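Look at the two complexes coming up: chain A is in both, with chain B in one and chain C in the other.
Right after this comes the complex of A and B.
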């Protein structure tokens, strides 16, 4: 069985179009393109400013005092001291750029280094770095910079280095939190087992993965630095000889009534610079972390759906016919994940919907519940519950069916309970939504009875417990109690025992079987486990890549599957009979690899 | 065989309790087991039994509070720093989740050559070895330049196996390596592990919750229940004729993929639970 196995490998499926490089994403984003181009132009002007500027920024000429725009040699006019506004504007750009570079570099170097140390190291080191950075954060930033002016001598570069230190805690927090979440990833453990030194683990495995939020934060911090520097210069703190936007705005402000136009140039360029940085930061975030999917396709559902050809009224309780579900692909065109799926579930019957991951079994179940994600489109088909077309219902009417006529048990019981409410509160709320007019006390009595029915020995305690206080098996019992409270006609169970231990799985399957017999409900069980199907299902529907490949009585399908895929699946089950019998191979000592 | 490859002797592991001055919670209460050269020891248990912690203790990812772990006679319990890192040559791991055990930002070649370069191989040698490793686990050689996200779960697990094989280890700790995979992929990956074992004589410490998986790959099986080994023996004995009541329950709880047989098993399980309940009652009456 194992001789030629290595030759059988699934084809490699590159998800090429889904992931494209960050640069290409940025180039396709108009916001990034515009903001980036503006920034590029400003930077080029700034770098070339010593050549572009026609005057020394501090050279004053009495002829040029408040010269109007368009004066020969003074394209944007002169300021109140007779200095060329255009030259000063151009030469202010390097000041702002240096400001951003110094502030951001200091913040990034300190924040990232200590973020990595604080996140990765032992508890004591973590606590002390945390303490130091909290202390830094308590300093009143702007005030401190003003107080320190006598020390810095008004040099904006030193001021910005100090400001960088004050900004570091923000980055430290970001990096530390990222590291804490990444450091327990299995690939970090794997690297440690491989003997990779801590320094390399930090550099290659952790920093590389957490780089996106750092890049994004840096773009925003650059904007903040430029803003603060301009503010300080506006207040007149710092050398008057260094041209900067803040100083220019301050001069123009004093001259506001004589020549208001002088205020426009520096403000506009400063605004443009910081706005482009913030917008570029936003685009970077979208490109690196993925933008939210555009919604809006939900409206197209139902309208574009084609009815199935065969519209004969159905005799089965639940009748799914020619169902097709599509998702918008990377190119915007819908891609079908479920095509022409048809099956029925009769009253009191248990049908197993079986398939491997990606077969579309869960999508099919979700479409019956009417809880497909917003971007999913049902392109074809019909789902009827006792003759009622579910796909034509409004959201309000769907709610009336869901939870009352159709109930649901999820795969992960824990994540389907709200951790901030007690079990009792959630159960009572659920049944009161489904049965309007039920009093709180009646609801409580009903749920208590049901909790006892689903095999919870101490319903009082469980009722007042929070989800984290009960085990996974218990949580699944609670959810089953909630699901059957309204005596639904159809119960949809999506891998209800996959997250549970086998001993608990057996108990839960017994419970579902008993409840079904008592209430006569139909069960649609979504699973990948043929053992579970053999245990509880009367019929089986096998799905592969969005299609039904085989359907039939459980005993018939297990005994003689007709479809090659079903045969393949059944033959790959590790059957009971095969116990490994070949003895361990004792290696020859010579062969030990070095 | 005189000396076992791995000898875990009476280890206890405790984790700090939650909350202020909470007592530590002991998850392993004195576990002893051995793995011989070229052998698979299956460790079966349910969630919370401590089975994964055993593997992590052997790998040095958790520190036992007492007890000793010996590898080829050498005490490795307290190894730190460079000594522990050097052990990477002999002891490796394959984790459960192939989606998080591979760094998403590295290419397969980088992932596979990292342990080799760490252990002193040159870049050139490492690259050549990567090709042969990919071949060994049945992946095409152009896989080297791709990143993990381009592969399916089963293929990623093959990459993880190749990474474990890279330094030519004597022992691989396999922590639920097939639980996250589809049924048909599961069987193929297990068969790959078996054929690699036959070729290289590597030993596996194979941690799983799935009896059918353990039966398929193990020479011997240890059953862990609430932090204790309750039963050890040959795979055939433990999985067909278990002695401990817990193992008996576990065996009958696993459903067979055959409707008729499963019906029988269900009845057997009910009978067993009834007998065990009566025994417990009698024991309670005696005490």
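Right after this comes the complex of A and C.
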């Protein structure tokens, strides 16, 4: 219940508290500070330009033709028509600023209005706005601006207004997606139910949520507008009497061999202006949305791992000792999610690795498979398979173990198949990687046989199907077939039945049990379900908060659990009167999604 | 699939009709002033009227439009009001120049973006940060400035490449490449920024997906996971970005061609539009609409081929 209450609370209050720190974040970010200051200076120069400029931008004087820098009265010299470069430069700033303001306002007004409408309204309206905006987006923008010159007369203000329309689809998309994602949030529902009119919901609740992406996009669009306007003015579009960077660059470009320095001033100011806008936009993004997801650092490489304390020779098939796994925390320091985990799995044995979400059981399983996310670091311990230290293996040697000696059945069958390849292609690739030298034909024959073995009645059809064309239960059978194709010594099954229908669950467990008996595999079954453990496991390892709290024979543990946590877990099952069936899938712990 | 293509083409045709109709309507406002310009400053009212009727400007607008449209369907785009050139022909010649730059720019964009995006997503760390700086650099400076800087460095200072001008590929492939490589690089910079960040993001997402882990547990080599599986799944949205880039590059070519003095589509369009050369402007509209339709159609077909779920739509 408490979860519902927090979800209904409008996020405005907490976000206001966040805003405080956004300003502080920006002030601490050197990029934002530098870009912001440059921008401020340019804006001040632009606003004050009518007073700062000593000459009329179009006043030509014969004395000033190509005057060098430092000529009295012409600080930056004169251009080839004898106009004061500094004055023209200063007076070009307002042109650029107007450009940005017009283009961005038009884009924001259109994009945001229709984004709100498109996201919030019925399907038919949504389809038509979507259609119109993808149409706008496909237009060759610059070309359209040019083609319309006979109508606009090249006036940069009208041109930029049209350009704003062309930029609107980007904002429309941003707003629409945000609206779609918050539309069904509980607080919006709550507002709707309590009779708040739609217009107010949109204006107050939804617009508030989308403001930061809009601000960020606006900064980038302002840069784009200024760049495009400069380009058009460079081409000679519009009145020659309007001073602008583009026109100055064009004049200087024509005059390049006489005085290349004339090209430097407008180029530098234009570059500074757009660069500071874009960089400020980038800093704003970091400050408002948090840094974008980093694609993992390479920190796990080269970190030294402590050896386990217990150095006795391993006798079990799979021997995990003192395993510790850490992830970099928000402060960059490693934070352990698994500590001192030790257990063994004997040949042909079935061991249940049990614990609630976040207990570290999946992380432990992944470390045995050697498929931890890249940012994870194994800080301590050892994992031995038949005396071979898996943690010391190179990626190449690990590949030889994975698939051939250790296999894996995942939790969610659908997401574990590549949507772009047929079942057959994926199975054949898998077995051919595990068994080098196997021909395509042999691989196909083997997999066909296995598909039949795992209970698929029409293997031919399934073989040539894409994952989205088969059911979840079927997909899980396919994944099992893929896992046991090489008769592995150890099969690691991570909640293999959790995502399936209740009727299919028992069949899949039976299948795993049968295959185990047939192939003599050891099975490490990761689960939170004591019913499943009771059903097929002989031994149980109970984990809580990254540690093993109890390990033993299933019957012993069930009869007389020694650890209070295990006792709690078991008694909660007994309270329900029976061994529980699987609840709907709970989201994986945060650590697994890192 | 054939039905799908046919439907998309029909839709494109309707779109083209609509757009040309609107353009025709909008342009009709300038017919008078164009006729006056053509007649010269001191022309009598009769001369102006004569020019109007000669060009059909005096007919009712729908009649004009359908006459023009009838010509288009026979491949007749009319003649330039100023140079008297056959418009279809003239555009064709310019189009090859622009297309050769744009296609080269597109190739550069794809190659660089795939490599950078893949590296950033797969390696992370320092490489990822470097790639992000590259992406930002692409956003930071307007193409115009980059063009001028490249001309200055490579053509004027180092004299490695010609600063301006165009050689056809048939007359000398080497000179052709030298004449289009700089403009193509300039055009590709914005595209590289967009496409790299798209691929980097999509690849990062893909590599976190469950199927990637399962493939790893089967002993599938990293290279195959990256290129065969993850990149393929990330390619759909990247293709859409690429198609938008293609269209944007056609626009961007306008400015670039001017810097490099290439006799392309952009320079031609600009001259026609500013002088009010109506048949040329209309033909340009037709060409660009058809271009957009073709690019979108090709994108959709490729997307269908990449994504089995979209195939049966």
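Note that the second predicted complex is superposed on the first by the 408 of 594 C-alpha atoms of A that agree within 3 Å, B and C clash if a C-alpha of one lies under 4 Å from a C-alpha of the other, contacts with A are read in each partner's own complex, and residues count from 1 in each chain.
We adopt the following convention: a residue touches a chain if its C-beta (ideal position, glycine included) is under 8 Å from a C-beta of that chain, and two chains touch if they have at least 3 such contacts.
Bear in mind that the values here come from a model prediction, so they are computed numbers and not experimental data.
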First, second, both or neither for A:528, with chain B first and chain C second: first
Touched partner set for A:154, first chain B, second chain C, both or neither: second
Chain B versus chain C as contact partner of A:357, first or second or both or neither: first
Partner chain(s) touched by A:420 [first = chain B, second = chain C, both, neither]: second
Partner chain in contact with A:286 - chain B first, chain C second, else both or neither: neither
Intersection of chain A interface sets (partners chain B, chain C): 593
Footprint of chain A on chain C - complex, ascending: 15, 23, 26-27, 29-30, 34, 120-121, 123-126, 128, 136, 139-145, 148, 152, 156, 200, 203-204, 207-211, 213-222, 224, 229, 232-233, 244, 247-248, 250-252, 254-255, 258-259, 266, 269-270, 273-274, 276, 278, 281, 284-285, 288, 291-292, 295-296, 306-309
Residues of chain A that touch chain C when the two form their complex: 135, 137-144, 146-151, 154, 220, 223, 226-228, 230-232, 234-237, 246, 249, 253, 256, 260, 263, 267, 270-271, 274-275, 278-279, 282, 293-299, 366, 369-371, 373-374, 395, 399-400, 402-404, 406-408, 410, 412, 415-421, 426, 429-431, 433-434, 466, 468, 479, 482-483, 593
Sites on chain A touched by chain B in the complex: 1-3, 5-10, 12-15, 19, 185-187, 189-197, 200, 204-205, 208-209, 356-357, 472, 501-503, 505-506, 509-510, 528-535, 554-555, 558, 568-570, 572-576, 578-587, 591, 593
Contact footprint of chain A on chain B as seen in their complex: 1, 36-40, 46-47, 59-61, 84-89, 91-93, 95-97, 100-106, 114-115, 118-119, 136-140, 143, 146, 149-155, 158, 160, 163, 166-168, 182-188, 190-192, 194-195, 197-198, 201, 203, 209-213, 215-219, 235-236, 239-240, 249-250, 252-262, 266, 269
